[in-house]
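As structure tokens, here come the structures.
The same subunit A turns up in both complexes below, where it pairs with subunit B and then with subunit C.
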Partner chain A sequence: MASSASLPTSFSKEAQPRVEPAAGPSNVVPTTRPPLEVHPTAHLDPQAYIQGTSTITLGPNVVIHPRARLVSVHGPLTIRAGTVILERCVVGGPVPDPKEPLPPPPEAPVNTVVGQNVLLQASAEVRAGAFLDEACLIEPRAVIRRGVHIGKHTKVCAGCVVDRSVRDWTVLWGDGQTRRLRTGAIDPEDGRLKALEIDRESTAGLLTVAAAKATLGKRRA
Partner chain B sequence: MPPKSARSGEYIETDNGNKISRRAQLHATQHIILAGKSVIQHDVIIRGDLVRQPPSTTQQTSSSSKPALDPSTGKPKPTPTAQPQTVSIHLGRYVFISPGCTLHPPSRLTTTTTTPTATSNISSTTRANANANAALTSSSSSDLATRRLAAQAQPLSPLSTTVPVLPQPTATATTLLPSTLPSPHLLQTLTYYPLRISSHVYLGPDTYCAAAQIGSHVYIGARCTVGNMVIVKDGVRSRTTRCCRPTRCGGGVVVAGRPAGGWQGRRGWVNGGEREGILGRGRRRRAGRV
Partner chain C sequence: MGLTFPYTYISCPCSDGSKEIEESRLRPAPLFHKKALAEEPEEDDEEKEEAPFDAHHPRASFSLFPPEHLLYCEECRDLKCPRCSIEEQVSHFCTSCLFETPASAVRSEGNRCARNCFNCPICFSQLSVNNINGAGKEGPWILNCYYCMWTSLDIGIRFDRPTNIRAQLDRIANGGKPKAPSKPTETPDLARRSSYLNHESYPQLSATTNNPPPTQQDDSPKETPLDPAARFTALKAFYKNQLTTTTAANPTHPSISSDFSYSSPASLNRILNLYSTSGSFQPKRKPKPQLMREALYPSEGLLIPSPDAATSTQTKLLSSPTGGFINTTTLSQRHFQTGPAGGNPDARFVDELRPMPAPLTTKRAKRCKECRHILVKPEAKPTSTRHRIKLVALSYIPHVSLRPLLGTSAAGGGASTSSAPSALLYGGDVILEPARPTQWILKLTNPLFDAVRVSIATPAVTPGKYGHRVTILCPQFEIGANSDVWEEALGSKSSDAGGSAGKISGSGNGGVAEAGKVYEKGRNWTSVAVEVVPVSITQPIVEAADKEEIQVREVDEDEDVLEIPIRVRLDWRQGDLDDGANKKARLNEDGVEDGVRELAYWMVLGVGRVKK
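This part shows the complex of A and B:
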């Protein structure tokens, strides 16, 4: 099984450090639940789906909504501080076929990193090997393909399919090929990040209360 | 060709005639209202847990134990009855939700101004936060993160969703009032509003909807995205794979494009995002914006 990847200290566009699989017997049967490293302030909803064999790391103040899917089949998954992942998102995909048994840990695992203060809206898909830099906004039904680097403060509009890296402060819309630089958007961006922080705190409270009520209802039943 | 009949036991039929698939995922059903004769197919996610907290509960929790007295009779006033449960998602009659849809209540960041000295003007929902503000103002640190940690140490209401935000002591900060007057505090609150879908609405497969209101007789195609706080009027027809992000969609408009634009004409239609030529007479409504 691949060892847990340490958080990279820089946001450079250099190749991500490879995670060498730990030496061990080759006949180890992989479990369906991957090892989790969840920060105490992170909220991982009980109704979120977790699947894979590599480590999934959740940083502080991360909010994972119900029905989100975290997949670490293809390599370790790191989600940094302040990220919000809404329902039906798939991070680290593609999702393996549920009818087939889970594949063994890959020999060359790929890192999937979601940076700080990233907002993944509903039904967004981040394939394994993608790197989302700080304060990205991924709108619903957008697809970030494997090996793509999304720059800081980039906005990927709804339905876009991104198959090549994007520089910082870029907006992609249409089918994903139309892009332009965000101009003069620093102050509104600060407001958006503050709004994201408030959204994160309030929604985490709502989800916690809802999860507690659901658990209480199950116990009574 | 007649439609396929569903497997027996796949759908739950309610008293009002609603048919809900057992494989649909409805969160917090107590906040979801179905008017009747609606169909919710499999793999549909309805987020009823994202709900606006009613202010009556906080008023009851913060009120004193002694009941108020009627000044005319001297007898205690009758306690007000409990307000109805907050509705997160309201579906009308004959709503058809196809597989893979996601209904997400819209949200908006609201800013309220509170004055700590004017206690009569402070609502009960902000009284707990006013205490936190008083603690924050006494703090000597100007770092927002440090002040937020200090706010978290205060025993706030467990259902409070407000976070006190103090104006930044920088040159670019906007001053609200002159320094001689007591400065009001801005409370930014994230509020979820109900998602209201009227009657005779069809949502195509894999559609994401975070609208504030969808009118009657609306057809939304497959793989569409209806943005946050969008108002879709009656009779709107949306093509497949379109992103509707304008604030309002007027009635009787065909919406298309990514981002979506509207077309209201007798013949032909125009994709909003593709900038095709206008066919025939009629108004071309440019609504999409990045």
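This part shows the complex of A and C:
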């Protein structure tokens, strides 16, 4: 099993201090719902699927949409501030077989980190052990493989399967091997991030209201 | 090729392929046959026409078309394939903004949109005009690719206004500096210089090509470097000028004059000189031949690469902070830059690429190649999908469908065809048992508003390597007019009720596959039974194996497909048209005044594959 040490050395220095080690309590009683550390400003939708044994940490202003799937079977999951994870995304996969009981926590857990202000669009998949640096944009059905480091402000276009690390400010498209560097994109990128923030706040509000109404309705029923 | 059975193709006789097939069938004919042909040319035609079409001929596919690809010319009264119709442009428009470009402006705009439509030079997707910060109503504005995140800032270009981007872009070079116009204007400076350069008194320049005069060094910073297209035009103009001056100086020297146009004064001069001096070979006192010189100044198209160009390219390639080889252009990216719309097809690095205006699309009309009548004409408006004229063959020729006849009427037919319906249903291959007769229902549906008499003929044995036996049980019949369904249903309800009941029952017990009788008949359709006896296609292989043990001939691809060539002959009397002029035109036609239409063509009907 690859640990976080398999990340490129230049990044592991930065990455390691922020990643919390595998949480202790989950080792004692393996429940279906893993220990959660959710920041009060984060929105974890009640309809999101959560599965695993290690800790899942959600930073401030994180929005997890309904039907997104967070899996901490292979190791702890850290999702940093301002990240948005849309429907049917899988973070920390592959998803364990639902017919079988959850495996015990792995001996060498791998850290999965999704950095700040990342946007995972619908059905994107981030495998366990991947590291997404800040302000990445992962488009629908793209797959980030285990142990891959995605640099800052990188865009992975729809359907790309990324199996090797990518430097900052890169765009991947086509078969995942066609790439370019974004050289003059600082100003538009600022604009994009601002728009993302506005969008995130409004959807978070909507989802909170919707979730509250749903629970209220359930209680009445 | 994946075939879905059954299928129909129609042969257009215009192609050389179909002619060759006919000829090849006539070639093995004995000698007396040729004589007979010579004596009676009419019969020759008749016989040629009757030579069955070989669907497995190597060139057969060149003349076969799906019926929906064919047009019908009312004047020639014949089917027209894409090859015997010609296209002409009705309108030019941009597919992204749907604005029409007048034909007069198309060429000057390089066949591309002159508005704000651009394609990404990196990934070729559409660019959008955005505020530099993504939102807001104030500039500066940029072109933005939402797919690969390319922006015009990557090549240092921003715009003052969000409209008329094309005109703005034409004035900005990569990097943001104003661009030299693509067409070099004859600056007074250039005119002046060229005039004194051509002067005799100017020092001999051919010797000093390597070191330009120092006075020009002072001028050069003022001159903006030309872009490649402009440099080419400048060089061309320069050398043309050089050629004419040197040729004028010694007109008898033919090798110098590469200006081949005889209309040019220099050439005329030279020719006249040739004639006037040809009689006497006495050499005149030759003037010292004036030598051509090379371009010396940037305004003439000279480009001296900076001494560090090579090293800077190397560092650009090798240094990883700038991206190195990622930033080189691909072949398709360079190819995308072509055209007279300001692209840079020589770009080596992505920062030399230019956003390309969206190419225009045309709407086209089709004309008959023979009589030039319009067969298809779409409305010129880009947003309209309607046609003014659309004479497609499908609204003239009957639609053909084929289905297996279920039942026990044919000996052993039931067993072999029982698998066919499921195969038909799932679009799979229809497998035919060799040497087992199968019966099929051939249904022809009439699209015309007039009743049509049909005669279909097929060779008893299909031509080609494998002669499958085919019999059409009823070769001549009539199809009813495609009249209004409601009119018929409402108007003659009582009389038709029995008929339709008969039809319905006809499919149950009335339909009998009997020789000379129509199998079923409806309002505008008629179906007849066809009996097919496929021949085994494995036989030749067995023979080959007998002769040489190991050599087993592979059955060629699609050689096992059973295709029936059918000669279809239609004739109908065109119903009364209320258009008087049209009627007159018909009356003027030689002898045919009653609106009788005839149409004959070869159709190939794919039935299925013969089991190997």
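In this section, the second predicted complex is superposed on the first by the 192 of 221 C-alpha atoms of A that agree within 3 Å, B and C clash if a C-alpha of one lies under 4 Å from a C-alpha of the other, contacts with A are read in each partner's own complex, and residues count from 1 in each chain.
Keep in mind that, in the parts below, contacts are C-beta pairs under 8 Å (C-beta built on N, C-alpha and C of every residue); 3 or more make two chains touch, one makes a residue touch a chain.
Keep in mind the model is a prediction, meaning the values are calculated, not measured.
When both complexes are overlaid on chain A, the residue A:T203 reaches subunit B alone and has no touch with subunit C. By the touch criterion stated above, A:K194 is placed in contact with subunit B and with subunit C alike.
Contacts of A:L132 after superposition on the shared chain: neither subunit B nor subunit C is touched. Among subunit B and subunit C, the chain that touches a larger number of residues in subunit A is B.
Shared-chain residue A:L58: touches no atom of subunit B or subunit C.
By the document's definition of touching, of the two partners only subunit C reaches A:L181; subunit B does not. By the touch criterion stated above, A:W173 is placed in contact with subunit B and with subunit C alike.
For the contact definition in use here, the residues of subunit A common to its subunit B contact set and its subunit C contact set are 157, 171, 173, 187, 194-195. Residues of subunit A that touch subunit B in their complex: 47, 66-67, 86-88, 122-123, 139-141, 157-159, 171, 173-175, 187, 194-195, 197-199, 201-203, 205-207, 209-210, 213.
Partner subunit A is touched in their complex by these residues of subunit C: 122-123, 130-135, 142, 144, 147-151, 153-156, 323, 326-327, 350-351.
Residues of subunit B that touch subunit A in their complex: 25, 27-28, 45, 47, 49-51, 102, 104, 107, 109, 158-163, 165, 172, 188-190, 192, 206, 208, 210, 223, 225, 227, 241, 243, 245, 258-259, 273, 290. Note for the complex: subunit A touches subunit C at residues 155, 157, 171, 173, 179-185, 187-188, 190-192, 194-195.
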